[in-house]
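Across the two complexes that follow, chain A remains constant while its partner is chain B and subsequently chain C.
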Partner chain A sequence: MRMEAAKIRPGDVIAKTLIWVFLILVCIYCLIPFAWMLSTSLKTEAEAFRMPPTWIPLKLTVDSYIGIWVRKNFGIYFFNSTVISLATAALSTFFGALAGYGFSRFFFKGRRFLIGFFLATQMLPGVLLVGPYFKILSKVGLYDTRTGLIIAFLTICLPFSTWMMKGFIDKVPDELDQSAMVDGCSRLGIFFKIVLPIVAPGMVATILFAFLLAWGDLLWALCLTSSEPMITVTLGIARTVGEFRIIWPMLMAGSLVGGMPAIILYVFLQRLLVQGLTAGAVKE
Partner chain B sequence: MIKRLFSPGIEHKKARWGWVFIFPSLVFFALFNFYPIFNALHTSLFRKKLLSLKPPKFIGFDNYIYLFNSPDFWNSIRATVVFTIGTFIPMVIFSLILANFIISRKRFQKFFQMAYYSPAVLSSVVVAAIWLLIFDPRGLSNQFVNLILNMPGIDHKWLANSVMVQISTMLVYFWKYVGYFTIIFLVGLASIPKSIHEAAKIDGVNAWTGFWYITLPLLKPTTILVSIMSMLQCLKTFSTQYLFTQGGAPMEPINVITLNLYHTAIRDHRIGLASAMSIILFCIMLFFTWLQFKGSRSDEVSY
Partner chain C sequence: MAEIRLVEVTKRFGSNTAVDRINLTAQEKEFLVLVGPSGCGKTTTLRMIAGLEETTEGEVYIGNRMVNNVPPKDRDIAMVFQNYALYPHMSVYKNLAFGLKQRKFPRSEINLRVTEVAHMLGIKELLKRKPKELSGGQRQRVAMGRAIVRKPEVFLFDEPLSNLDAKLRVQMRGELGKLHRQLETTIVYVTHDQIEAMTLADRIVVMHNGIIMQSGAPMDVYNNPKNLFVAGFIGSPAMNFFDVRITAEKGTLRVNGDNFQLTIPAGLQDRFLQAKDRELVLGIRPEHIYDRSIKGSFAGGEPLKATVEVVEPIGSQVILLASCGSENLTACVDPQTRAKPNAAIEFLVDTNHLHLFDKQTEKAY
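The block that comes next holds the complex of A and B.
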């Protein structure tokens, strides 16, 4: 400590200040678009591009927020997105947990190969499967349905849910399984009654990720749905952008409402999200 | 060997349970992942139009030959490469710097993490919509740049000029993902034992030398991971470019492979050609995935 105190030089102070300034500038860059979205959504259309820009609207109005439900079908979009994302998140986490447990505990032949395969599919861009999916879903009559979209999202989410769940289950000691086996518990019993409750926080994190993935997708919704009653929030926003005249306050209100679930989940479950992020990304 | 196959030993029984647990996912994969991929491979050898009743005609590798002779496809490759390189290199460098800066601070670590990561939770569509507003000729970006350069009234054509629109898409992507990779770097940094830095400090190593000769080599696995992950992310980009073109930006400079693929398949219904395109993209991405596997395996660091 003493040495440190004696060693403070003007150069250190400048470096320290520069680091703070840099960190704060990046912070502003990250947060300003959020503020601008909020501010614009509360403006009248005439004020949206006022010069100089006003951060606090001169004339506060919530017309845009009413407009997206009344003049646009945001209610339907929201409902579709919610149903599809929830179903995707629940299914992919459940099947991911099953497979993750299988990979974590049983060293069968071909295990390494299969893990590699699961990981490789995680890298697949969705766009690859768009053509074949379009064909297959049209053939079985699932084109332009919510079920079709859920299946498509599951394809994207499952590898990564499996990987994340495997990471969480790896941390549960195998001795627990074995002692339960000695007590006469079946394999499925161990999975449902012992392992799943322990990895519950991990499951929540996985559900969150899958939910956000499905909620934020545009490509699949664009390719696999077409009619108004099947449109998701993201597709609704994209279509608004494509319109001849964009009403910016309304688009921003829609974006904010569409981004809300993600923002809320993030603010309240931030620790879990970061934990899940690193469980999937960084090897043990 | 034969004896082992037929005697249901404990290991064998255990292995069977492994398959039971993986079975549902495996079936799903076979149906909805492997089959479509092989289907794409198969379709790429045919001249086929979606929804047309004409039977597809087998044309061998003509689709691939057509693509490699098509200036439009080469333009897409150019757009993808430019976008990927222009985005992922600054992203890796900046997230590395940011992570090191954050971890060197004693206070507000959590706050900075949260602030930087927040754009990553938004969907790309919302992100693109916000930035379309900012890049509008009457929008914030022009006003901001003109304020700094002190030349009011100049339109920098963020969405109209072919160079600027490429930079704009990069800026958007950078904004969305820089925090995400910063957090991964932070985790990598946190796993380096403190004792190493303390030992270096006692030996009189200054911050810069410490970073260059101690932190960076130890961070090599994380750096490789982040590089490949961000590269793959950039190759996959779609929503930003799609929304920008929908919002009136010129198509050609930002017509990345995924966007081209979408238009070929869904708008033009040329499914054979689109499949060939997706196989090419798949090979590119598979190569990088393989590189990641190789990189992450050979570069284990022991502290």
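The block that comes next holds the complex of A and C.
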């Protein structure tokens, strides 16, 4: 019986092959745009328009990579994007965790309504909010500033971060709080010393979400900033598309470089992220 | 070492009263066990002593200080939780040291105390491990260590052994008793396991529906239950109950059941006389019912005929589940018994240990 079970049947081979073929096709489908971006970014401007197109550049050049830093202010764009995204991620996760802890542990009047209200704000599309935001930020003198953009991103990220962090904190048994309370901890002490370290994987997931949202945004940056020193990476890339001319190799180089931080973050934090997203999925 | 005093303490959750005007004192160095079924209010009482739950009414004293408005950290108590509540991101050492660190003890003192407690509980080798790398018993020890290391006035235990397997529970029970003698601290211990309560306690407090039903030394409560609930709850297997009436014939009192009649011995007659003409419940502990066919086991009792339904040999004794008229009874008899299911059996009841309760008030005579 065991010998029979161990034998590989022809049906299994076909099924396995089909699965592999399917997975390879999906991979190709996902990776072709990146391959095309890489290929185009290494071409001359003339070759980028060549028909039929070439996959491997006839004349390899890193000119566009140098161009985005020298002819465009990609250094400034990167700095702006990094500051804005890091601040958004850190602030929204921290305050989201604080709010999430409050929602998770304190049973006050109107708690359910407030939780629902937080979620409801997520239903509003960004386009709807950007107009009022433009007006408010202009009034308080924060239009075309990094602070203004950070505040705007926080309004989008904070409700989601709160929900996410509440979910993770709910999984931390209340007895740990009580035990720490008896041990001499204040509520804030419990939050910092007990709860936050335990929900660290959840925090990573939340940080990643907020960071990527701020890093990848174009609409808000386009509407709430105007001057060159405040431009973010996405806006900088969009601006390589001129009215009469698109410099494709530079656009592709900018996009690839602009996507790098997100990819690097994913690769390094992937393990923690998966842990965070699946925390509490099984009974421990 | 402090006395704990609860005066007229009530706890309500909305319209539900969890603890109803209880008065309770745990003397200095006493091992007090709160025991009762789930939902009887024992854990709520413990949590009110700890300060994790506010009292709705009444006063809680630790020592001479009223602590109603004192936060848990300032009550000088330590608590061991049912699920241990060890900090999962900290090593055993850090778990033990956490409370001392919070209280700003010098590092040398922390180190000294942690090492001392680790040695006392035999967890010295585990200090670098995280809680997830420990077995249930080891976690239990760490949880106790975390309480002991602070040398508090009062220890509170909330069903600390209920997550352990049967063998480990017996072992830890022994160690807990030893620890109490060593530390000489006031302990309030909550459990639903009456064996734990009986073996550990200096005094047990039986609770039901938020009320204290009886408190006293374990054997005193076992031998003289004040009401039907305590009689049925304390003791395993539980006490047998029969609906009876008492009659007097020629100066002798008799208990008349559905299918049996027992003569009340002279020693109990005065006490039971006042129960005459009332609807009553007779209580007989299973160990006071003997198999008449075993020679030399017991001679002085009154006969009681029944039909055996189930025979459960547990080694040191055999538990017989039998029916006597319309009532069921349990008897713990000598393992030499030849009782078989569906066969008639004649028991002997040790009438010196009869318990009589009023059916209406459920109080004992």
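By definition in this document, the second predicted complex is superposed on the first by the 243 of 284 C-alpha atoms of A that agree within 3 Å, B and C clash if a C-alpha of one lies under 4 Å from a C-alpha of the other, contacts with A are read in each partner's own complex, and residues count from 1 in each chain.
Please note the rule applied: contacts are C-beta pairs under 8 Å (C-beta built on N, C-alpha and C of every residue); 3 or more make two chains touch, one makes a residue touch a chain.
Computed from a predicted model, the values in this text were never measured in an experiment.
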Once the structures are superposed on A, label A:S179 by its partner contacts, choosing first (chain B), second (chain C), both or neither. second
Does the superposition put A:L154 against chain B (first), chain C (second), both, or neither? first
If we overlay the two complexes on their shared chain A, which of chain B and chain C does A:V204 touch? Say first, second, both or neither. neither
Which chain, chain B or chain C, is in touch with more residues of chain A? B
In the overlaid three-chain picture, which partner chain does A:L86 touch, first (chain B) or second (chain C), both, or neither? neither
Once the shared chain is lined up, is A:T234 touching chain B (first), chain C (second), both, or neither of them? first
Listed in rising order, the residues of chain B that touch chain A in the complex are 14-22, 24-26, 28-29, 32-33, 35-37, 39-40, 43, 50-51, 98, 101-102, 104-105, 112-119, 121-126, 128-134, 136, 138-140, 143, 175, 178-180, 183-184, 187-188, 191, 207, 222, 225, 229, 232, 235-236, 238-239, 242-243, 246-247, 258, 261-262, 265-266, 271, 274-275, 278, 281-282, 285-286, 288-289, 293, 296
Could you list, by residue number, the parts of chain A that touch chain B in their complex? 15, 19-20, 22-23, 26-27, 29-34, 36-37, 40, 49, 51-53, 95-96, 98-99, 101-103, 105-109, 111, 114, 116, 118-121, 123-136, 138, 151-152, 154-155, 158, 162, 187, 191, 212, 215-219, 222-223, 234, 237-238, 241-242, 246, 248, 251-252, 255, 258-259, 262-263, 265-266, 270, 273-274, 277-278, 281-283
Residues of chain A defined as touching chain C within the complex: 173, 175-176, 178-186, 189, 194, 197-198, 200
As the complex stands, chain C meets chain A at residues 50, 52, 71-73, 77-79, 81-83, 85, 87-89, 98-99, 102-103, 146, 150
